[in-house]
Amino acid sequence: MNNVVVVSDVGPDESAVADLRHAGVATVHEALERNGLMEPYLRPIFPGSRIAGRAVTVLTPPGDNLMLHAAVEQCRPGDIVVVATKSFSTDGMFGELLAIAAQVRGVVGIVIDAGVRDLAELRAMNFPAWSRAVSAQGTVKGTPGSVNIPIVIGGVSVQPGDAIVADDDGVVVVPRGLVKETAVAATARLEYESRLRDALLDGRSSMELLGLRAILSSLGVSYLTPTNGEPPLSER
Amino acid sequence: MNNVVVVSDVGPDESAVADLRHAGVATVHEALERNGLMEPYLRPIFPGSRIAGRAVTVLTPPGDNLMLHAAVEQCRPGDIVVVATKSFSTDGMFGELLAIAAQVRGVVGIVIDAGVRDLAELRAMNFPAWSRAVSAQGTVKGTPGSVNIPIVIGGVSVQPGDAIVADDDGVVVVPRGLVKETAVAATARLEYESRLRDALLDGRSSMELLGLRAILSSLGVSYLTPTNGEPPLSER
Amino acid sequence: MNNVVVVSDVGPDESAVADLRHAGVATVHEALERNGLMEPYLRPIFPGSRIAGRAVTVLTPPGDNLMLHAAVEQCRPGDIVVVATKSFSTDGMFGELLAIAAQVRGVVGIVIDAGVRDLAELRAMNFPAWSRAVSAQGTVKGTPGSVNIPIVIGGVSVQPGDAIVADDDGVVVVPRGLVKETAVAATARLEYESRLRDALLDGRSSMELLGLRAILSSLGVSYLTPTNGEPPLSER
Amino acid sequence: MNNVVVVSDVGPDESAVADLRHAGVATVHEALERNGLMEPYLRPIFPGSRIAGRAVTVLTPPGDNLMLHAAVEQCRPGDIVVVATKSFSTDGMFGELLAIAAQVRGVVGIVIDAGVRDLAELRAMNFPAWSRAVSAQGTVKGTPGSVNIPIVIGGVSVQPGDAIVADDDGVVVVPRGLVKETAVAATARLEYESRLRDALLDGRSSMELLGLRAILSSLGVSYLTPTNGEPPLSER
Amino acid sequence: MNNVVVVSDVGPDESAVADLRHAGVATVHEALERNGLMEPYLRPIFPGSRIAGRAVTVLTPPGDNLMLHAAVEQCRPGDIVVVATKSFSTDGMFGELLAIAAQVRGVVGIVIDAGVRDLAELRAMNFPAWSRAVSAQGTVKGTPGSVNIPIVIGGVSVQPGDAIVADDDGVVVVPRGLVKETAVAATARLEYESRLRDALLDGRSSMELLGLRAILSSLGVSYLTPTNGEPPLSER
Amino acid sequence: MNNVVVVSDVGPDESAVADLRHAGVATVHEALERNGLMEPYLRPIFPGSRIAGRAVTVLTPPGDNLMLHAAVEQCRPGDIVVVATKSFSTDGMFGELLAIAAQVRGVVGIVIDAGVRDLAELRAMNFPAWSRAVSAQGTVKGTPGSVNIPIVIGGVSVQPGDAIVADDDGVVVVPRGLVKETAVAATARLEYESRLRDALLDGRSSMELLGLRAILSSLGVSYLTPTNGEPPLSER
């Protein structure tokens, strides 16, 4: 368990990643059989972004952003930096200068289980971040960590080279070995959702379209129309 | 306490609801003698909306959105779906497809003690939601609950047919039997606030306008002008 | 420890405060040797503001905004009202009318360890607030507190007459006696950051620019290039 | 909605309440078809108590314990004081002196959505409390509230005269009209649990006793015995 | 703002500190006119302790306990170590070995805005701690901080040499200059509480003893005895 | 990713597990180079336990304890059930009956990222649990999950067959492949700590014993003895 920076070009299929990005987090999470979603405390620092890319992972002590610099140097165009901390922290480990360094290399965003700062500048650069907090709290550059090792963040594990999808709904990780089939499933689901959307816009009930009336009935849920039109007071 | 979908057309007076919407949450809460406000963890998923309407209530197990489909089918134009869960959950129980189904029926928004997903799509549709969380976490359709029964959400109880007002300040519920008098009180308060606003813009002090100087004095608060201009250091 | 409203014109150097505002929270916090930052739970009610000014402090019981009225009356152009509560509260102690009273006097914003309401109106007025919560919960005007005494808010102490800087990154307090030297240090740091920004945009690595490669090496972090291109599975 | 102290002797059947106490919170909650449980943030201030009794309800502004004194005066032997606040508070509204006043009248405990103080003294008196917090924060006696009106606490509504059961597992409310049938159901459940306990102690599997093997199979869960004895690595 | 260990023998009057300890946190907080109480997230790691002593303060970066060692060396019998961190942390900065070092020097306990570990050992040693968390998370000894400078912890400021009182109700700080008069006031309050206790045990109502009936009446709270004995349903 | 119950006898070396138990969580975490510790929100339901054993893992939907029954059936003496949920939940998924079933099979405890109920009974049985919450909230037995697959809980990943150590300080996981060497390192550390303890009890300073004086000096921390004995007021 020595600290190490792993140099690796391995990543998910780029065309499949583009499909994942097109599908968005909610659809990809469904296509992955409802797995891979990070916990909802990781929120975008500004609304309206949707990105997908290869995960370059970082494990760092709290209050120190040395390893983020080392990670950015390992990035290639289309990558997403994914940062876990060894213990809880909201310190502002990522800001404008690291974002410039990352954007110059083609990095499309960051997911970080800590704080981000320079919000106005990141928004102006259109460099999106998903984080636990916004905080100007400065950090040092003096404690070691690792780059491109397996990490746990937001309740899921991420391997370097996995695909990450992030938008206003949150962040989902797709294991590298499942990226292609997940992209296919997500695209199929988009088509299904499109048909459903059209049917709903035509005024059809989702109860019928999804066959829910039978389920409701089988669960013993009954319909009740009060004679006086008033909903009954509960015994409560 | 069997699970039931209550079919009911009962609701608050529409004209009074329009007045409540015009007044907004903070003023309605004051007009209701500072009652009815849901706890502030229920936040809008995007800023700038203000809605009012009849509450169609849902009580559902966590992680299941079957009953939301049943509830939407019970809605008529101007309604607001209000969803409580049987235990704590942040799962994304409501998203684009349910929002389309709801909007087609004229539903103006949702208040939900759980998560919402498809944020970008809901914003594009201008379908507002007030929720505990944003989360893409998918749910099943397999456990029963009820529609249009009394629920507790955000620390207040809501009866089906009550009026709901929601904006950037939060969510307030007005009991159906109090809607008309609350609308009248809210409109009166708007007028009072308008006069106060004008006086303040004229440069008058709120201390005088509100008669606070006497209160301050009666409470023993004194004014102190340090001789050297420096605020005294506290003994702390 | 009687309740008191201290009348005082003492404040930080105005030109230095303008420099602090120009630098922003993150840079000022660094210039202050990473001190003075309030905890990140204090968030702006809408994005995009950056203010700096003299602190007029308030210590108030929860659920009562009487002392905010007294504080606003003590303000002069360029001031920022900074409000601590005697115990935890999210009540909406500050809203449109107080904001009008404040803005008429030239107050540029508020920092409050409680709730704010009338969000839409404050945004329309462009009156920024940093708060613990947004809540319409009304308050009374019946319990005493103090104005312009030392307070603790967000984990830092604030003296009346200190300088406050607030933007999307949070809120930092600069002790009055340190405002000039901090402004100088912040301006120097802006220049340093500008040079670094240019070098990064030229494609140079932050590892080199900041001399981090030697640090990494001295900490025993090694680079590893897997022969098969695959990042090694952890023993985990 | 004027503030009022309702004087009422109405309460649940005493013998049924004794049965509820004997059954405990978890069993009563099950007997009530999994309703009525307060959210788990309400915790006992010391372990090992189990009480049941008639609810005397209080709705009070935060930071003020005037109405608790009024409530205690309305209590009779076997009662439980149940306190909701108009907005969030952790102030120490209840302590030794109120506990003595309550215990003298035969009150068996308190459930309070705020703070409690004098922990050592309450433990020594064996006066149990379920609260949101422990805090020495003092309160005033100057703002009105109500006694014996319907309240919402811990996500459930409580009517004066309902039965309350509280132990180390939490707090459950049983509507007055359901107390007798719930006590019967709880007693039956105790017997069922007793038989199940004996069977488990005999070494029988809960999978068989509860008929879970068929459910597992119908849900498509399969058993897998790796040929090498090693659990397979997930694709994750 | 250089990092420094201040060597100082200054402290509060020992006899007065003994009186504060005798009175306990809630009474001292009242005697201090309801000031000085730390926020209730600081909890004892085991119940039943009550200590008072001179504050030896520490300001430390998160994840590093170097300065705690330096602080313990500055302690004399009767002292309490009070630790603030520069940013949020739950790391286990204090454990058995530091506790032994402290206890050998006569330190009576610690208050720390971070984590504590070796709980079983601290309990066996009867060395009490009030902390934000219990966590085994290890820390380093490599970043500087300060000892015996003013700090902010739990929402209050503490000067080295102030008196600290801590028990099951929380932690309160008494400024050194106020220790004697606070001890006198606390002792007087104990006597008052003793008389009140006796009167309550005699069965007298706190409403009468504290003169609350007149307050209730002046606030417009009325008593209502329903003719049918039933508490009225709220309009809710 | 089908749901599966993996049948496996693979586990860590029993003698090494006994050593880990003897060392306790804090020491094992250090021996594991400060890895493997679960986040501190997982707390014991009663104090004073220390267990170690083989992990039998469970991944379950929230609000359903079907898979816990399946997991217990897979347990052998010395095992610890470790339960992750697919999304956030505090429901009381584990109680007395499951505990009996587990204890009969020799299971020594449970670690669960949800709620536990029947606290009094578990304490009486001396069956320890580490959980996110205590809650009586009942659950169903109707949704599938898996047993003995890799899971993430408390911010770390756990493989079936890993070793778990849990005590009052929290929970740590030791990968199966590292159990022997970690046990050796933990035992060595115990000896080191024992020598340190003795030296401290002899009155030696930890500053000297750990060589911290040189570190402090190299970090530029200076000692300051005020001439008047008073600690200097900060510029703050």
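Order of writing sets the chain letters: A, B, C, D, E and F. Residues in each chain are counted from 1.
One rule holds for everything that comes next: a residue touches a chain if its C-beta (ideal position, glycine included) is under 8 Å from a C-beta of that chain, and two chains touch if they have at least 3 such contacts.
Fair warning: this is a prediction, and the values are worked out from it, not measured in the lab.
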Kindly list the shared contact partners of chain A and chain D, in label order. B, C, E, F
Numbering shared by both copies at the chain C-chain B contact, with half separating same from different: different
For chain D and chain E, let me know how many angstrom lie between their CA-based centres, rounded off. 29
Rounded to the nearest Å, the gap between Cα centres of chain B and chain F is 41
Going through chain F residue by residue, note those that touch at least 2 other chains and give them in order. 1, 34, 88, 90, 135, 137, 142-143, 150, 157, 159, 235-236
Going by the contact rule set out above, which residues of chain A touch chain F in the complex? 1, 32-35, 39, 86, 88, 150, 152, 155-157
Residues of chain B that touch chain A when the two form their complex: 1-10, 46, 66-67, 69-70, 72-73, 90, 92, 95-98, 100-101, 104, 115, 117-120, 123, 133-138, 141-146, 148-150, 159-161
Residues of chain E touching chain D in their complex? 24-26, 29-30, 34, 37, 40, 43, 47-48, 50, 167-170, 172, 193, 196-197, 200-201, 203, 205-207, 210, 212, 215-216, 219-226, 229-236
Using the touch definition up top, name the residues of chain A that touch chain E in the complex. 61-63, 87-91, 135, 137, 140, 142-143
